[in-house]
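Read through the structures below before going on.
Look for chain A in each of the two complexes below; its partner is chain B in the first and chain C in the second.
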Partner chain A sequence: MQTLISSGADIVFNSLVLGGVFLIVAIGLNIIYGLSRVMNLAHGSLYALGAYFGFTIVGSGLNFFIALLIAPIVVGVFGLLLERVLIAPMRERPMIYTLILTYGLMFFLDGLIKYLWGNETRFIELPAFLNQTLTVGSISYPSYRLATLFGVAGIMGGLSLLLGKTKIGTTMRAASNIPEMVSVLGVNMKLVHMGGFVLGCVLAGLAGVLAGPLFTVYPIMGHEMLISSFVVIVIGGLGSLRGAVLAAFLIGAVQTLAEFFITDFAMVVVYMMMAVILVFMPRGLLGEGKFE
Partner chain B sequence: MIVVALFALPYFVPNRFYLRLVNEMLIYGLLAMSLDVLLGYTGLLSFMHTSYLGIAAYIVGLFLKFVCPSSLWLAFLVGLVGTGVIALVVGWVQVRTGGLAFALLTLAFGMMYFTVVWKWYGVTGGDDGLMGVPHPDITLGPWTLANSGDSNGIYYLSLLIVMLCFVVTRRIIRSPFGAVLESIRENEERASFVGINVRFYKLLGWMLACLLAGVAGVLFILFRGYIGPTTMDAFAGAGVLMMVLLGGMGTLWGPLVGAGLFIYIQDYISTMTEHWELFLGLVVILLVLFMPRGVAGLSDLLRRGGKE
Partner chain C sequence: MKRLFVVALCLLAATLLWTPRFADAEEPIKIGVIVPLSGIAAQGGVELRDGIEMAAKEKKTVLGRPIELIVEDTRVKPDVAVSKAEKLVYKDGCVALIGVFSSGVGLAIAKNIDKLNVPFLTTHVMTTEFYGLHPLVFRSGQLANDQTAVGNVKGILATPDLKNRKYYVLVHDYAWGHDGGERFVALAKENGIEVVNPDFDKAPIKTTDWSTYISKIKASGADGVYIVLITTVIPVFTKQADEFGLFENMRLVSAAAPGVTELEAGGKACYGIFGASCYSWDIDTPAANEWEKKYWEMYKAIPSDAAAHSYVGAMNLFNGIEKAGSTDPMKIADALRGISFDGPYGTVRISAKDNCMRNEAVLTETMAAPENPYGAKVYMKVLRTFTPEELGPPE
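What follows is the complex of A and B.
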């Protein structure tokens, strides 16, 4: 009974943590898509880049929280560069070109990561007070994982304040729903696209640093996260932010449960679920394009 | 002239290595051409088209190894039917979506096949791949022409089948059916307004592409006698995409040329550096930015330049 409770609690918390990380990555991808209809296939690699920057910053003796602050900013600046040089010129061409371009970018960034940091698995050192286990009754749980949950809640809170209460957020939501009208009203759509892309990249970088200590840092971490966040946004509805929240925790739970019971084929279950949902609801759980 | 050159090749190239390289170009050329049917004509993007080469190769490999090691054409049939059934089920799900979601689904399903092949150690050999697949004789009716393990034999078989597929596919693409596919690429909504069952035709385009990839897969396993999971990973999928881009979408012959160039460059670069991934990514980016119509675009340019 004791072990049943504690492994049950483990599954619940692990699902939440996994879902939370999925959520931060996927919502970045979704904001970019919702604002500029660009599907960035290099998004997972930006997440990996964030984790590696975090590793380097912590490795150079700085505090983990400094890494949590700086790494996303670096990824954001890098994202700005990418948007200006590669993504923006693709806007007049059919969508397929953007997809292929960012796919190439994904391999380029992965190659770059292997070139700069090598193939080995890396670990991000945590400050001592985060690197312990909390015990309540018969349930014990690593404190960093709990902290991640608060981190995810904080980021989502900040994001909903930004989108819901500020002028920038209102403009972004409007630009996602009726772009023509917003641009007629005199808003510079180039800036909106750019801002959305950078915001998405910052979120990816942030998720990378947060996830680094959880799942370790390795070159193909971006691929796995990319696929998972696709599943999340396809199930939730492309461009729908609430759908992403719902789908992220759903996938987090399904994947954690599947890994608990059938280790090797866990992802197969997730893909199957996606296929089934798409057959019955081709536009995802909450429909496409609900940017709120 | 090119055809004659290809037929005469085994007599002029003393080195078996180069013959095998050309053979590989032919097989990947067929795969790239099959992706072009989907990408260039139907306007649907598949990130993991190598999956269907891999599926056919695994099915035929398992069939030859455990069921019937001697019959080439039976293996061909089993491979194509098996690939067709899987492609039909997955395609039926995929055509419900269009454009972007379709592309993402091909990636997700591709990763799923890869995971299955990689982890299902008992059947597929996991990481080690499927080794020691027997080479059946190439027969035509009562005559035995050659063994598929012989590099000349498999070369002529590949050449003939690839040529046959090219001619048939070109015939299909130039038929009214091909025009329907192109109308879907140009504008799905309008196509459905004039009474075209878009989902059905997308599924047909998908099946054609997957079956051609399946033919390439059967040739692949006969040629190599071995297949491992890396043949079907995301990286290999990007490679095929690059062959199509390099040659030029929507031309059928372009991707064949693109595959030849790609295999040659890959062979050349991978002997020099281990960071092949970096180059692949960079070349794809540059191609999309500056040469979106590939080699076919260049040859158009030359032809127009000549006339003026």
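What follows is the complex of A and C.
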């Protein structure tokens, strides 16, 4: 019985942690797509960049929480440069241009990471209190993983406030749904696109620092995360934030359950689910997906 | 005038006949080095490359010609590796191929060896399928899965803390992992070691979150874990397992030696990993110490098993070409059968029976390192040594 409770708790928490990390990366990807119709294939590499900045900041002796604050900002600034120099000039062209551009950017960033930090797997050191296992009855779980859940909740809460309760958020939501109307109303769309891209990059960087201590840091860590994020936004509906939340936790749960019970076919189940949803619900779980 | 023309013609003919021989003597012997320099095993690939490079610098010439290494990145992908092998042979004119850090990649190249028609010597491929696979295919490097399983089972039976435990088996989902899992399960059964999941778990190579596997291990009732995971991933798994408190009552035995760089990064979470392997810098022999000193001087890196394997493999290959007295593929292959080299982990001999090496090996446990010239904090302490006959397979 104790084993059953312990395994059940593990499955629930593992699902939430995995889904939470997927969510932060996928939301960033979704915001960029929703606001500027750029499918950013370099998003996974920006996630990796965040993790490496976090590793460097912690490695220099600063606290993990400082890394959690600074690394996403650095990735955001990097994103701003990318947007101004590379993405913005391509905006008027068909989406395939930015798709190819960001695909190339992904390899450039991977190479840059390898050049700056090497091939070795890196581990982000955590403060002692996060490096423990918490035990309640027969359930024991790593404290950092639990803290990650609070972190994800905090980020989502902050994002909800930004998008739902501020003028910037209202403009962003409107620009995502009816960009032509917002433009006619005199809103500087260049600024909206730029803001959306930077916000997406900040979220990627934040997810990288959060996930670094969970999954370790290595040059191509973003590739797998990019694929998982795509699965999330396809299932949730392209550009749909509510859909992404639902899809991220659904995938986290399905992947964790499948790994536990039918280990060898876990990923097959996840991709089968995506294929079925694509066929029967092409606009995602909530029918809010946008197509170009 | 006619006489002058004949003399000029003779001089020209003599020049033409002489020049290629002269050029041939100066032309380097090209060796194709196939290693992963990107992807999951990139660090291991760098160490393999460094070991081969070190051997080439030490050997300097083969058949009186300088050695030229041409390095290609496999990205640990069999299809990429095959096209790189084709490029190395057909375009660059390499007379032999060496390296490879994956059984899947090694087998893919081996399947194309008739077409490639050059000797192919692997230094980090553990699948048992390599025994007697092809007259041109050789292994001189990391222990094969059957040898590791024998070493680990002997180690488990001889170590009180490992002996009476129930083992959970977790492997990487590809040729090597499956082979390694099957070998251990079969041998464990023969020797009365209980395995709770004889069909063992197969984790995708790209797994980064091990939490579900760790939960399964916790729920299985096992108190020992046998892993067949790519060396660079071992510290990632142990770090996560440690966070879940898995090792409070459990012991870990690994089919592959963890990479030294990753051990350092993993720190204390990497203590207590048992496993049989060819090499650890704890081996204290004059040859090992001399090699480690040279390696450190060249790369300022902790001497690793991957580098030691590839160094020895390259030395066997270079000496084989020298012994063959030619770059003819079959002559080199004939020369490689039965050849041996005394290096950092004793005498490594390529069996004339099955083209795979036989050598001494060690059982190690990872723990806090004593003071050492490399500044390493974690090391693989040698617990015991196995003779080549103990590990087999019989010849």
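Some notes on this structure:
Here is the rule we use: the second predicted complex is superposed on the first by the 282 of 292 C-alpha atoms of A that agree within 3 Å, B and C clash if a C-alpha of one lies under 4 Å from a C-alpha of the other, contacts with A are read in each partner's own complex, and residues count from 1 in each chain.
Methods note: a residue touches a chain if its C-beta (ideal position, glycine included) is under 8 Å from a C-beta of that chain, and two chains touch if they have at least 3 such contacts.
These numbers come from a predicted model, not from an experiment.
Upon superposition of the two complexes on chain A, a steric clash is found between chain B and chain C. By the touch criterion stated above, A:264 is placed in contact with chain B and with chain C alike.
Judged by the touch definition given at the top, the superposed model places A:112 against chain B, while chain C stays out of reach. By the document's definition of touching, of the two partners only chain B reaches A:89; chain C does not.
Of the two partner chains placed around the shared chain by superposition, chain B is the only one that A:231 touches, whereas chain C remains out of contact. By the touch criterion defined above, A:104 reaches chain B but does not reach chain C.
Of the two partner chains, neither chain B nor chain C is touched by A:163. Of the two partner chains placed by superposition, A:68 touches none, neither chain B nor chain C. Residues 110, 114, 264, 267 of chain A lie at the contact with chain B in one complex and at the contact with chain C in the other. Interface residues of chain B, counted against chain A in their complex, comprise 39, 43, 45, 47, 90, 93, 96-97, 99-101, 103-105, 107-109, 111-112, 115-116, 119, 234-235, 238, 241-242, 245, 275-285, 287-289, 292. Those residues of chain A whose C-beta lies close enough to touch chain B in the complex are 39, 86, 89-90, 93, 95-97, 99-101, 103-112, 114-115, 223, 227, 230-231, 234, 238, 264-265, 267-268, 271-272, 274-275, 278-279, 282. Interface residues of chain A, counted against chain C in their complex, comprise 3, 6-7, 10-11, 14, 17-18, 110, 114, 118-123, 131, 133, 135, 140-142, 144-145, 214-216, 218-221, 224, 256, 259-260, 263-264, 266-267. Put simply, chain C touches chain A in their complex at residues 37-40, 42-43, 45-46, 173, 201-204, 206, 208-209, 211-213, 215-216, 218-219, 221, 232, 235-236, 239-240, 243-245, 261-262, 265-267.
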